[in-house]
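Listed after this line are the structures, all set down as structure tokens.
In what follows, chain A forms one complex with chain B and a second complex with chain C.
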Partner chain A sequence: MQLNDKASIRRALAAATCTLLGSASQTSHAEGSDEKWRVDTSVLYYSEQDRVTVVEPVVFLRKTTGEDSFVNFRLIYDTMSGASANGATPTNKPQTFTSASGTSTYTTPAGKTPLHDFSDQRVAVAVEWDKPVDHLSRAIYGINASTENDYRSIGLSATRLRDFNDKLTTLTLGIAGSYDSVMPIGGAPIPMQLMSAAVPSPAGGEGDEGEGGKTKLVADAIVGITQVLTRRALTQFNYSIGYSSGYLTDPYKVVSVIDATGATLDYRFESRPDIRLRQSLYWKTAYHFDHDVMHFAYRYYWDDWGIHAHTADLHYRMELWKGAYLQPHLRYSTQTAANFYTYSLLNTSPVPTYASADYRLGDLTTTTYGLKLGIPVGRTSELNLRVESITQSGNGYPADAIGIQKNYDLFPTINTTVVQITYTGRF
Partner chain B sequence: MTLLRRAGYWEGTFEAMASPCSVLAEVASAAEARRLLDLARVEALRIEAKFSRYRQDNILHRINSSGGQPIEVDDETAQLLDYAAHCHTLSQGRFDITSGILRRVWRFDGSDRVPSADAVAALLPWIGWDKVTWRRPHITLPAGMEIDLGGIGKEYAVDRCALLLAAETRASLLINFGGDLFSTGARADGHSWRVGLDDPSATGSASAGEIEIRRGAVATSGDARRYLLKDGIRYVHILDPHTGWPVPGAPHSVTVVAGSCLEAGMLATFAMLMGHDAEKFLLDQHVTHHVIR
Partner chain C sequence: MLARPLFILLTLLTLSACTLAPVQPWDRDLLAEEKMQLIPDPVENFIDEHIYFSKEGASGGQGVGGGGCGCN
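Up next, the complex of A and B:
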């Protein structure tokens, strides 16, 4: 240790010590109140071009209840409005649709993709308790509930994390369950019934079977392992399995019934199996450069409806100056269609048990480009802005389109913009 | 926790940070002595709980188990990290709070179990404060690395307690946490506090002499009971984070007198890290010191 100005070490130490003790003594009265609250507030704006718009304010509060123990509280209020594709294909005539109860109708002009107008509000609350169990384990217990005009959900979750191997390995086990009620506006249609045959219900708003709603149960389990590979690299591997049973059909979706010329004759209300078994494998790796951090994730998903999906996701956090950062995001996802997905039903073919023209169950490719900018505000707060552009596309001109169907884009590309502003503060 | 009446002062003792801790107070009543002792004890235990590497429920554990993610720290932790970073620079990287993982291979238990060169070299990629991203209030510790504030914690606790207690009383106090001590001033009769120095080469309670302090701090680095002996070579427990090996020529112990326990402790540690040049370094710093070889 060659030191040029040798005596300066003592002076430098004295100055540093003075800073440490001087400031510590000033803050000594605040020791008991070391960051008790963390608040995240954000507003998310989601807009599908010509379709759905969602404005979603979120308030997240985290209260530190002890050394390393937290209670998280989340409140979300969504206002959704706009139009979503009802599943029918465009055709050369205006199309009129009637709800299951016959109480409401809407018309789509010739040549346009039929969209169903809607507006809804959703309130969701969630509370989570996160605390150490022993020196190697943590437990997180959660309860959540949400309500919309036509949907209600209540759920419970439990997660256990355990460290092994000098904390280089973490095992995660989680289970979650929810009980949902669907109360379709205009009643729940009879699956595969022709729209023209739907019997208007005088009461209106009631389901065809005289029920106010349908229910479904969802159970999920996850097992994961996180491994520190080197001082710069971390990898994570998860397997998750989910089981849904009950009313899994979308009451607002229909399938066009066409003849051999491709002309639309009628519509059938869609029908989905009442059980779905979902599985996925997820692999994520993070690499820490000198300052920047890169995250790459790949997911393979499959279910017993026949959907197989591959998703790759890349985030790169670039540290700018004074704590600011810029984070580009790229995501690519591609999925195969469910077995019962169809563009339309031919009137001469037997009526299948299950059929849906919901584009979300079709062959679908989703590409996301995003950018996030974070700026520190003061010492303990951060403001960040996230902008993403999402494109969902499929095959609009399939080889098996019939007659005049060939003239129309049966799978219009959906462009979505997401803008989110978040403020994080600590008190 | 015990409180005893001595000649002209009260001596309160408790255990914290794996050390016997005592507070000597020249106050009249037992109640006042107990109040001061309680304040010191609560503060010492608070600091221990917050920064001990043996606990899994504190900020240190959160940082060490962050797996490469940034962790936001409170002001006090930030001040200590700033201080540690400063000491790293001043010692040209010899004092390094990331070097604690060398404990996995070095156990100074008096045996001859010197680790293999490979075992030591394998840990070096996980050592080095320069590999840590510290941008107050966020620390990003590369996965697998650990920090340990053990080299600062006890001295910091002494100085903090001295500040707290001095704000409560004008009486003379001597705070002694395991040999790191601070006196708030001369005793009422004008005499200094006299403190026996431990002889590190003896295993018993033999004294290597006495130090007198009026106002100021004394700290010792080194512990001759912690060593390895193999093939006639004695390996002292002060390690060089650059090599992962004991500093050649390091004294058995270094004791320094300074204005605060932190300064005294750091100067003593820096001197140990200088090895053969410990005495020269201390002379250059113009500090009162005592080196045992």
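Up next, the complex of A and C:
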């Protein structure tokens, strides 16, 4: 830290004071301990080529309510429009799809990947109370809720952080639970039912909530340790476990039913297990060079659906001049497919209990390149702009493709552009 | 199933911490900088978590209490 003016000296003293009080947990409010409010306002533009576009204004507010005590508010508004792959494979004829209730249809031209048009809005709010319990412990309690046309979620969370070892080590324990409701537009289809046989689903079935609605419960827990390694290095290890129970199927996804020539005969509504156990090991480290800072994270994820994923994430913040910075971002993630993932179903094979052609459950590689420019505004505020490119790809020409399926890309690459502009103010 | 690798991990971490010279409170100036926080930009981190939660089969790892979505 260069002490080249009085403001820098004041900030350094504030930082030093804060560090004497602070801990390895580094809960994102180290500098500027005299601030009353921190406001982050952001607009995200997310656009998948030929698919969905999302515009998302976000406001985060943090109010200092007392010595080392904070209340965090989050407000997010998403508008989504465009198209999403419905899981069916391309074929040599136009394909017409019907909703579960039989009330709406859409058609995909021959040779094209079937996409389902949709538009939705989502509002999400969250409040967190972050306060010391004693001179070595903090507690964070949160509540969050979101609503969209066909989905609602409400959740609670509690995290406890405890410092040890002269505040060089912090142990984190956290739990969270959420209760989600899905109200599929067009009704909730009967899993694995042929689309040609779909009729309006009767109300009041198992797991129903009124108009074909379904529910799920999600519980998560985390245990982690954060360690100051040197004056310049900080590291964190987390183990997370999550359990989901209830309606985990995507009501808008189908699987093509094909014959021995690869021709599409019909579609089955997808079916997923109603339980999912997720686990992950997460390691993150931050290193301070003379001026620049690097963050590196690696996660190994596995679940009982058969997905195993390796994810590496690197941010390198390069200081430019007068507080401005440039930050390249690289992220690479590769996952194996869920054991019930399939490109299609053969009409002569027995109907499986579970099947999904959702690319997000397939063998999938995601690569992200990003760049962020941050510019200080006044002494305590910042404006930043980031642009990222996300590429998601898989095996479009699998060896076990049948007949005319070999003529088509069964796993088209998805290219996404992300632009985000953020203003952070401290008052 | 996980108890053993977790125990080994925590033991290694504890041992590594013991072998390092302790960082004194007056030497924690760099660690106190906002850019050295484990999550230096909460909004960016929140948005990225949401994007990848929506578009990949794997999720989580950093914390608890994100919030759900239909995620078409």
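Some points to look at:
Keep in mind that, in the parts below, the second predicted complex is superposed on the first by the 380 of 427 C-alpha atoms of A that agree within 3 Å, B and C clash if a C-alpha of one lies under 4 Å from a C-alpha of the other, contacts with A are read in each partner's own complex, and residues count from 1 in each chain.
Here is the rule we use: a contact is a pair of C-beta atoms (placed from the backbone, for glycine too) under 8 Å apart; a residue touches a chain by one contact, two chains touch by 3 or more.
Just so you know, these numbers come straight off a predicted model, no measurement behind them.
Looking at the shared chain after the overlay, A:68 reaches chain B, while chain C stays out of its contact range. In the superposed pair of complexes, A:323 makes contact with chain B only, with no contact to chain C. In the superposed model, A:95 makes contact with neither chain B nor chain C.
By the touch criterion stated above, A:242 is placed in contact with chain C alone, chain B being left untouched. Contact with chain C, but none with chain B, is seen for A:169 once the two complexes are overlaid on the shared chain. Of the two partner chains placed by superposition, only chain C is touched by A:284; chain B is not. In the superposition on chain A, contact of A:342 is made with neither chain B nor chain C.
After overlaying the two complexes on the shared chain, residue contacts for A:108 are found with neither chain B nor chain C. Once the two complexes are overlaid on the shared chain, A:132 sits against chain B while remaining clear of chain C.
Set against each other, chain B and chain C touch different numbers of residues in chain A, with C touching more.
In the superposition on chain A, chain A positions 1, 12, 16, 19-20, 27-28, 30-31, 167-168, 226, 228-232, 234, 286, 288, 293 are in contact with chain B in one complex as well as with chain C in the other.
Here chain A touches chain C in the complex through residues 1, 12, 15-16, 18-20, 22, 26-28, 30-32, 40, 42, 44, 46, 52, 56, 58, 60, 74, 80, 84, 116, 118, 120, 122, 124, 126, 128, 142, 144-146, 148, 150-151, 153, 155-157, 159, 165-169, 174-176, 178, 180, 182, 218, 220-222, 225-232, 234-240, 242, 252, 278-282, 284, 286, 288, 293, 295, 299, 301, 303, 305, 307, 309, 311, 317, 325, 333, 335, 338, 360-361, 364, 366, 372, 384, 386, 390, 392, 416, 418, 420, 422, going by the rule given at the top. Partner chain A is touched in their complex by these residues of chain B: 46, 49-50, 55-58, 61-62, 64-65, 67-68, 72, 74-76, 79-80, 82-83, 86-87, 90-92, 94, 125-126, 131, 133, 135-138, 140, 142-145, 156, 159-160, 163-164, 258-260, 262-263, 266-267, 270, 273-274, 277, 281, 284-287.
Residue ranges of chain A in contact with chain B, taken from their complex: 1, 3, 6-7, 9-10, 12-14, 16-17, 19-21, 23-25, 27-28, 30-31, 34-35, 66-69, 132, 134-136, 163, 167-168, 170, 226, 228-234, 286, 288, 290-291, 293, 319, 322-323, 379-380, 426. The touching residues of chain C, when paired with chain A in their complex, are 2, 6, 9-10, 13, 16-17, 20-23, 25-44, 46-47, 51-52, 55-70, 72.
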